[in-house]
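Order of writing sets the labels: A, B, C and D. Residues in every chain begin at 1.
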């Protein structure tokens, strides 16, 4: 089963597990549709995952099993606006279906639920980490991240050509509410001039200085990559922008806000692009396909060796596993000492703050 | 010179003209930077366009000459908030530089200015049509259009995979303020479920019905392509949405507006992606490279034959030319009888209105 | 049914026909697998084409129905090395399945077989033109062509970057046995220096001169696009090359041959890339998706109006139809007066002959 | 300077070094054109690498400095068919130009030459590893590798769609003379059925069995990825194939050979695609851009700290450096115990041998 948001490579994990588990070990594998919904609803929605199912899956975006962002069996909607604990019922359903264990492909939240299912109801589980933001401490990289960075980098490439022709500030908002990895990697890969991250509140003056200095050097455009969770340094700046701006902003995201703050200081046209779900869709890049396949195979290996309660992960180029308990930790954010951040500064990228 | 917005293929036009004019006919060709700014400012900014300049240009997005959206010599900013007619000065500059004539790559507005320069100041001009929206009546297609459709179609492809996994309404806002060609072509090419155009005010009820009917058939997602100029049928709908919505919307565009109107009727999550300038950037697709090259060559041919005052164009697969005066006509919008619109209806695409 | 080779857009034709025929007109549509094999083998292989089948088809390369290059019911292999006429049997199978008529998506050969089925056995047929080489006289363009040009153009782009770094002659062999359209369009779109076509036997001396002259101008690389059917001017040249070359060549195609002929005259390293089936695979470009969809819809329209015996086509931007008999004509090759060929010469592309 | 073959990311290394060295540290950096040729020829060909040079470089394939495969100052062609040692002359030229040291971006061979220049002539050098085959022991990955894998994977994707429609064996030849990393990674990422590597001589019977068994399961196509250095198990097989085959093969590469060997046993059409230099060209993927940038920055850092005689590298996700002497080691080939190879077997990929 998948839990949480979509990520390119989910199908490749499923394919890897099926190719090895069904094709190699002759097991029977069943997919649960739409996270836990497939087991909690009546009739139950399960799919036999056969060698035939696995055909053509490796390059396919999305997930054939569907997923869900909010499917907590310990706090399931009761239909009256509240929630009830239906976890025992879920555990019964799992046993009733004759499932010997559960492979849960999901993020922090999903792994936490798996762990509780195991601890409180004795359901054997194995985890596969999934987070497009790459913010799970337990694994160096997860599938989907480089695909998202690919979409964002291609967008920066496109903005570059048109920005150069037009003397403009181009802002690109990318995913990253608490961790700015996509913004950092795509910003470096795309040759952005400014990158603002959720981890570093930005000083608008520094950014405006960059725009002005570039202009003085004959570079009349500036490309700014904005993580969706980035915000200005001073709390005061924001209301001011909104008050003196062109109106009340509700839907304006981080890039829109920065565009407005810039427009108060510099006379230059700016354009905002919000990539949104484009970053989650489409065919995974080869890196993610290989990693996802490996994760799928290793999940089967864990089960084959009876090592329940663990999550596969990538560490220093090697795919191995950690206890699920260790996997459920605070998200890994961009550290001020992270080498790539230091290198970004060395090649002249403005981060909106002295670091 | 280029006038108006950026479009993939501008460099290919320049390359085609230089390869033929300089390489084949041994003329000297000079590029004017940033539309008329390069001639109106002091020092003037002109570039020798040589065979060397033309190297590697065919696949390069943007324009090596730069461009400008607002460069009207008949109404030039006077620096005091008003405008003055500096067209005579421009004509003098052209003669002073020894330029025998002008190739103007631009849209409706730019061609109109060229025509006036010729009529009022005797400057020989030749036009090359440029409009990413494909809304020039005089030409069947212009370069840049299929590139923009390509970006939008790829975006729909990506949204498809993630929408399927998540049971969502995905709205994609594409360019097209008055003409919905990009939305129509990309919508058909991407397999959109709903397309809304500036030419057809939409009825939100019809769109919500489509979402509901799809859901009943087990398709829990809907892809909607929204031209930026699309708006709801009744004027009343909009203020209501804004009043009852989650706040005052200023920056929300057409897709945001539609998302809000839908959310008033249907309980489904929706996500908005705004492509913005991504549609203008990047390498032109082969169709646009070929067409742009041909336009560049034909512009030189017109001059070679002394046929000033004409604009090249594509009609029924043939590149020929029309008088500039004929080229400056009201924009071509999507006609209710356009075959592709009719075909869109036949394959079940909802247009937000009975047509 | 599909006949002949693969082309990007086949699935989009099927989808267009199903969306309109099944979704719009509530017909039942059945797909025949692997050209006529699906009807000639026992058990017969037919697929119900439903709205569900049509999901996700528009961007998918290949064809869900499969195809076959050699499936002539009038000369079916008899298993003893000869052939027998099994067309009456095929016609019976069609009637036995209750099929009211046949939509045949195929090239010249397939349309010819359809026509005979109609004329000799009274099977109502409608044709959809398919030829990746774009060599059907009856239609201006077919789906798949621009996708193939796209693959070839991207390859030229890639070769450009590496050729520039290395001072090399890069030869790219593209499809086109009798008609050089892919080579011509991709060569212009990719900025090739030399293009050789099946229609124009090339003079190796001219090509070597181009390589030398470029080198004198400081351009130490040359990109040559070679249609697979291109051959040198003089019949004598080839044996000579083979005799004095590095050995007996059997598998060497057109590009390999030209590379050897060049190496006899110019001291420069050359590298050959043969795209082969890459040009037939992958997702169709938007142009082809739109055209294929329109063809599918128009095929249904023809049937709906009882206009059997016709083939849909694109002429001057309009999709209409012609009698099948008129569709079966000699292939359209690149005419020496074709505008794009003339323009290629004007921008300095060497064609291996004075034209 | 660059030495050896082209690789996507060379320009990004240059850009990274210039952005930090020139932009950050205010050094002067000069590029040597075409490997050592730029210093050995008269007039010398050097380029000032300024902030302006570095613009737009990150996404550009090839190298603005040019490169050369054969530029050994210790064994320079003497023009009479032999070689002479001109290394002292080169060292003099370096000192004469006032260069304080050399950054050499190159493979095993180039780094070896650098080391000798330092050891024998006292020229301070710093190395940046470059090998598209990823076969340098000292570094986990080099830039260019994932770009090449990307080109190969996209090719497999394309072949998949057309193979499925046509019941064919599709062979794709990719780079890798002694190390099969590209074949292995792209084969896994593309979902190949068979992968043959230079490290494992293949048994044709096993491959033919795979083709037959797939066919029995209704999969009438097989995708085979062939590293250019792969060869059949028994030395006898090859001559036999050539003798009984369709003629004398000279130019046929590894894929052509395997296709012939298969055709002797299985009656199925096969098609060969040879990617060749496509794998070296084009824009680097984000992974390679980031890595190349980091390598460029670290090379400057080494110099800044006076750590001459070292080569930057990536180890366990960290960019650091090793002594040049340690960098010049036998190439890293695919080990029979490599996890990805084991995983490939687990998901049913045939490697042509029992491992």
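In the analysis below, a contact is a pair of C-beta atoms (placed from the backbone, for glycine too) under 8 Å apart; a residue touches a chain by one contact, two chains touch by 3 or more.
Quick caveat, the model's predicted, so the values are computed rather than measured.
Student: With a step meaning a move to a chain it touches, how many steps does the shortest path from chain B to chain D take?
Tutor: Counted as steps through touching chains, the separation is 2.
Student: Please identify each chain that touches chain C as well as chain D.
Tutor: Intersection of chain C and chain D contact lists gives nothing.
Student: Roughly how many whole angstrom separate the Cα centroids of chain A and chain D?
Tutor: Using C-alpha averages as centres, the distance is 31 Å.
Student: So how far apart, in whole Å, are chain A and chain C when each is placed at the average of its C-alpha atoms?
Tutor: 41
Student: Name the residues of chain D that each touch 2 or more other chains.
Tutor: 157, 160
Student: If we use the touch criterion from the header, which chain pairs count as touching?
Tutor: Once each pair is checked, the touching ones are A-B, A-D, B-C, C-D.
Student: Which residues of chain A touch chain D in the complex?
Tutor: It comes out as residues 15-16, 19-20, 23-24, 51, 55-56, 58-59, 140, 146, 149-150, 153, 157, 160, 185-186, 188-191, 217, 219, 283, 285-287, 289-290, 293-294, 297, 300, 316-319, 339-340, 343, 346-348.
Student: Would you mind writing out the residues of chain D in touch with chain C in their complex?
Tutor: Within the complex, chain D touches chain C at residues 2, 5-6, 10, 34, 60-63, 66-69, 151, 154-155, 157-167, 170, 246-252, 256, 271-278, 280-282.
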